[in-house]
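Mind having a look at this structure? Questions to follow.
Chain naming follows the written order as A, B, C and D, and within any one chain the residues start at number 1.
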Amino acid sequence: MTALLEISHVAKRFNGVVALDGVSARVGRATITAVIGPNGSGKTSLLNVVTGFYEADRGSVRFNGTEIAGRPPHWIARLGLARTFQHIRLFEGFSVFDNVHVAAERRGTSHARRRAEQALEVVGLAAVGRQQADALPYGHKRRLEIARALATEPEILILDEPAAGMNATEKIELGELLFTIRDLGKTILLVEHDMDLVMGISDYVIALNFGCTLAAGAPAAVRQDPQVIEAYLGRPEAADA
Amino acid sequence: MSEWLASYENVVALVLLNGILGIAAYLMLIVNRFSLATGGLMAIGAYVSVLATMNFGVPFALTLVLGGVTAAVMALLLGAPVLRIEGDYFALATLAFTEIVRIIALNWESVTGGALGIVGIPTETQIWQLALALAALTAAVFAVHRSAAGRVLAAIRGDEMAAAAIGIDVARARLLTFVASGAICGVAGAFAGHLNFFIGPSDFGMIRSIDAIVYAVFGGLGGVLGPVVGALVYTVLPEMLRFSAQAREILLSLVIILAVLFMPRGLISLNLPLRRWLPRRRGQRGKLAAGQGVAAE
Amino acid sequence: MSSPYQRLAALLVVGALGLGPSAAAADTVTIGLAQSITGGSPALYGIEQKNAAELAVDEANAAKLLGDRKIQLVHLDDGADRGQTVNVFQRLIGRDKVVAIIGPTLSTGAFAADPIAQKAGVPVVAASNTASGVTDIGDYIFRVSPPEDRVTPGVLKTVVDRFKVKRVAQIYGIDDQLTKSAYNTQKKALEALGVEIVATETFQRGDVEFAAQLTKIKAAQPDLIVLGSLAEESAGILRQARQLGIPKEVVFVGTQSSISSKFFELAGPAAEGLIAGTAWYIDSPEPKNQEFVKKYEARFGRKPDIYSAYGYDAASLVINAIKEAGSGDRKAVRDNLAKTKNFPGVLGPIGFDAGREPVIDPKILVASGGRFVIFK
Amino acid sequence: MSVFLQQTVNGLSLGSAYAVFAVGFTLLFGVLNVLNLAQGAVFMVGAFTGLELVRLVELPLPLAFLVAMVTAGAVSVLTQVAVFGPLERRGGHRWMGLIASLAVARLLVAIAQEVFGTQVLRYPSEPWMEASWTIAGVQIQGLQLIVLATALLVMAALAVLLRATQTGRAIRTMAFNPNVARLVGVPVQRMTLLTYFIAGALAGAAGVQLGVLYNAVSPFMGETILLKGLTVLILGGLGHVPGAALAGLLLGLTEVYSVGYLSSSFRDAVGFGLVFIILLVRPHGLFGLTTRQRA
């Protein structure tokens, strides 16, 4: 397997608190890779390092063979890594369409409108393009964030807890959406708490704890890993969080 | 009418000039930066253009360009390191800049005349020129709002992190905005320098910077007309309140407090017919979440 | 509850009332008074001038100095902001049709606004502008406040000779036109006298702490310390100088601005010994002055200072010129102002020279026992 | 050497008053995330209250000092109740709050000017105020020592309040996170008012201190201290209370040394230059926490 994204020995601490302690991981092309772990295990920190929002203290992140660690977020985004956020971050005051349009324009202004419409179609929001984004129901806001990321035409889509706050039906629909996106040839890296969703859609799972890689591999294998069970699955209340 | 104009010519000139400054401040506010550099950049534009007129006989139109370009270059040099400073820290760093410019102007006597200033400047600035400049600037900003560049600025205002995540170079966009804002301040300074026969360091202190922001915020940040309306009301109000010399200051501050309380999103948030002239994205909700979230994490 | 739009409209209407045309009756002559009564420390001397001018006008009206014609005084505040000074001048000239303007408070305002009056042919008499060059703006610009270069060189020469001064220190307000202008004059005069300037220190408007500068000055061991400062700053400097133990033998020379009872109140015993040159002091024996001091105190509840005296004489001179001209014609008033010689003012006999600067008899005063007396 | 020591004494007494003012300023910022530009005017209100109590009511100065603190605190609370609170509830933008605070400052100054006139006033002199000693060629005034002592006292009291009481813990919880504070049952509204009160009282204390020390009370005295306060706020790190106390002293000393060893005409440029350089090196101030996220 040639890795699209290769994370090696990434470490990060904040004012003395260790968030990542030498994490290594590989994300294969056109796969869905999930990062799991209890709260505070460093999942979001890892995404933030990969997308440039945090600067790693050490370690390397290579995308398509290019070193991206330490590069600014917009540079990384232009290279083909698009992300969503744990807490929804839409452009305040923008319509649904404008949110996606401004992202599509990053790949040039010609045909940007059409590309924006296509991205909305993928997530199923083409019909509500003229609405104010702030007025959308919660699940739709999550989809809109995904559409906006897709509109930048990324090679890899990085999602931070995309199912957070969704009901069961919405989660199923989200899973289907992620399959659709993967089938378009995109790679997906996500952080997710919902085990059923993770186990159902992932090709590959990475489990973190205390900023370290605990286990990595196929979902079934990770699920059986005794360390993972002890750290995470053994505590059902954490799994539900 | 001509008699009225004779009585209020300078008021009209100041309204137009302040409108220009208000837009300069507005541009920085819409990229979430509270810039107090306005006074300092304006001073640079004013001194450069006035010295060009007085010492080298440069034509007025050219001194406007000169003032604008010098201030823009200064903004570039200042902005590159300073713009990465966030939130209120940025405001105070730019305040420091403005105060340092003022202190240099006070001390660099051979060039600026120190506190005594420069006297006997030919008054080249005409009302129609100011009106034209303000109209052109308003139109230009309006056009920018409608363009892809305007959407980039709006995205930064809407959410900085999300903007970066879709590949917008927030720092660069902000620097360019700061340079544009600096150029506007410089041109405004050049106009101001040729308005009243005289300039001195006290014309361009912190108060000037704060006033410019007041025009923009007081007027409303929903669109480019906000700062213009803000400048109009804020400049004319003291003149209107002249009927009471004693209580003028008290009335003026009360009016501002009431306006802020009852129109917390600025004058332009009123349901004026002007509204359709504003860019589409002025929201029903005026609260700028991103403005508060600038101190990351 | 009305809509915000209506609220704004109501506001604008109320304000617009103030912008309408003014209805000046035919049997009045209007004099404009452009003085800062807000906007920070300049208001300190703006208010004194305003009070005194009002006093002078009321007295003239009571005495029917112009016969049946009343003098109307229109005061507009410029908030010590020179943009507003220009607004005020244009409004006084265009709307209120004033015969003459007394003011403005600050020299910066004068440089910006006086050219407008000059262009419109409206005479201006300044009562607190002491920066050099103000009357060069044009032949309609007068002042009763003598520029420092009329007063300071004589004072410094006397002091340097009397006390055998060798080493001098200067301290002045760098951001104020008045004090900066005073400093320039003092420096030139000191250089001409051939004394050594051993320290030059500055402060800014609003400063109350001068200990750091004075510590430095003390270390330079001057015989004379020359102040370019306003009354309240002079008081602070003197007190702190004494507290820092600058010896009693060191002489202090101040500007005209120090001539104020406020100075004694603020400085206390430290005021003792300050020398300043001026046309006026509260104990000046001129009969006109004694009367003025009494009336001023009765009306405003405090003693006048030098700016009240200047303001009073500026107004008196304008009224006199209108009387002499026999009309409110601006040109005639200007010509009569220019002709004034030996007018009995509170400053003593006062007139204007060819450059429209005041012709007065400056005196050298010294602070002694809580008041200024003639330095002998 | 004695000149250096003299300058140090000058700087410490000046800096301690800066510190008292800035601590209140920074507390408001830290707890409520409010940059209240009316603090300078509240400082002025404190100075005038103290002055009138001494002059008209003939209260002894220490008592007048306390009453002035309470009055300034009350005025500060009043501004919250009448202006800043309603503005926040109406969803005013943070920048609107700044404008409102400027207008409030302007209003307080205008009222003071109507009531007291523009004249500079002074505290009546008493013999004990004039006491001074010469130690090793250095002049030390009794007043300087008193200002320094009261500054330390006031700040120590604040430290005890914040560190050792239930109320202090509540305030610090709010500074940490208002939502958390609400969840754990902190009476947020009451604590907000209390914070305004403390900040106002500290400003008032500094007003009396500087008014007595430098003999200059005027409606405009707040403008200069506001600029100093902003400088200290940066040097200390916005919202960092012990940082503000240290930075106040630091600014006092910096000013005095730059007059003493550079040039008095560049004194303020040195202060602001320091701010500028510190921000470039440490974008969150000298004692502020480092940034964690980039955008």
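Please note the rule applied: a residue touches a chain if its C-beta (ideal position, glycine included) is under 8 Å from a C-beta of that chain, and two chains touch if they have at least 3 such contacts.
This is a predicted model, so every value here is computed, not measured.
Distances between chain centres, each the mean of the C-alpha atoms, put C farthest from subunit A.
Think of the whole protein's Cα atoms as having one middle point; the chain whose own Cα middle lies nearest to it is B. The interface with the greater count of contacting C-beta pairs, when B-D is set against C-D, is B-D. Remark: subunit A and subunit D have CA centroids separated by 47 Å (rounded to whole angstrom). Computed from the mean C-alpha positions, the centre of subunit B lies at a distance of 30 Å from the centre of subunit D. Centre-to-centre separation between subunit C and subunit D, using Cα means, comes to 34 Å. Rounded to whole angstrom, the centroid-to-centroid distance between subunit A and subunit C, based on C-alpha atoms, equals 72 Å. Residue positions of subunit B touching 2 or more other chains, listed in rising order: 106-107, 161, 163-164, 170, 249, 288. Residue positions of subunit C with contacts to 2 or more other chains are 37-38, 174. The residues of subunit A that reach two or more other chains are 52-53, 72-73, listed in rising order. Every residue of subunit D that touches subunit B in the complex is listed here, in rising order: 29, 35, 83, 86-87, 90-96, 98-100, 102-104, 106-107, 109-111, 113-114, 227, 230-231, 233-234, 238, 265-266, 268-269, 272-273, 275-276, 279-280, 283-285, 291-295. On the subunit C side of its complex with subunit D, the touching residues are 37-38, 40-41, 43-44, 47, 174, 201-204, 206-209, 211-213, 215-216, 219, 232, 235-236, 239-240, 243-245, 262, 265-266, 268, 302. Only residues 29, 34, 81-82, 84-86, 88-89, 92-93, 95-97, 99-100, 103-104, 106-107, 160-161, 163-164, 170, 206, 210, 213-214, 217-218, 221, 246-247, 249-250, 252-254, 256-257, 260-261, 264-266, 286-288, 291-292, 296-297 of subunit B touch subunit D when the two sit together in their complex.
On the subunit C side of its complex with subunit B, the touching residues are 3-5, 7-8, 11-12, 14-19, 37-38, 75-77, 79, 82-84, 86-87, 90-91, 93-95, 108, 111-113, 115, 131, 133, 174-177, 179-181, 184. Those residues of subunit B whose C-beta lies close enough to touch subunit C in the complex are 3-4, 6-11, 14, 106-107, 114-117, 119, 123, 196-198, 200-203, 236-243, 245, 248-249, 255, 262-263, 267, 269-272.
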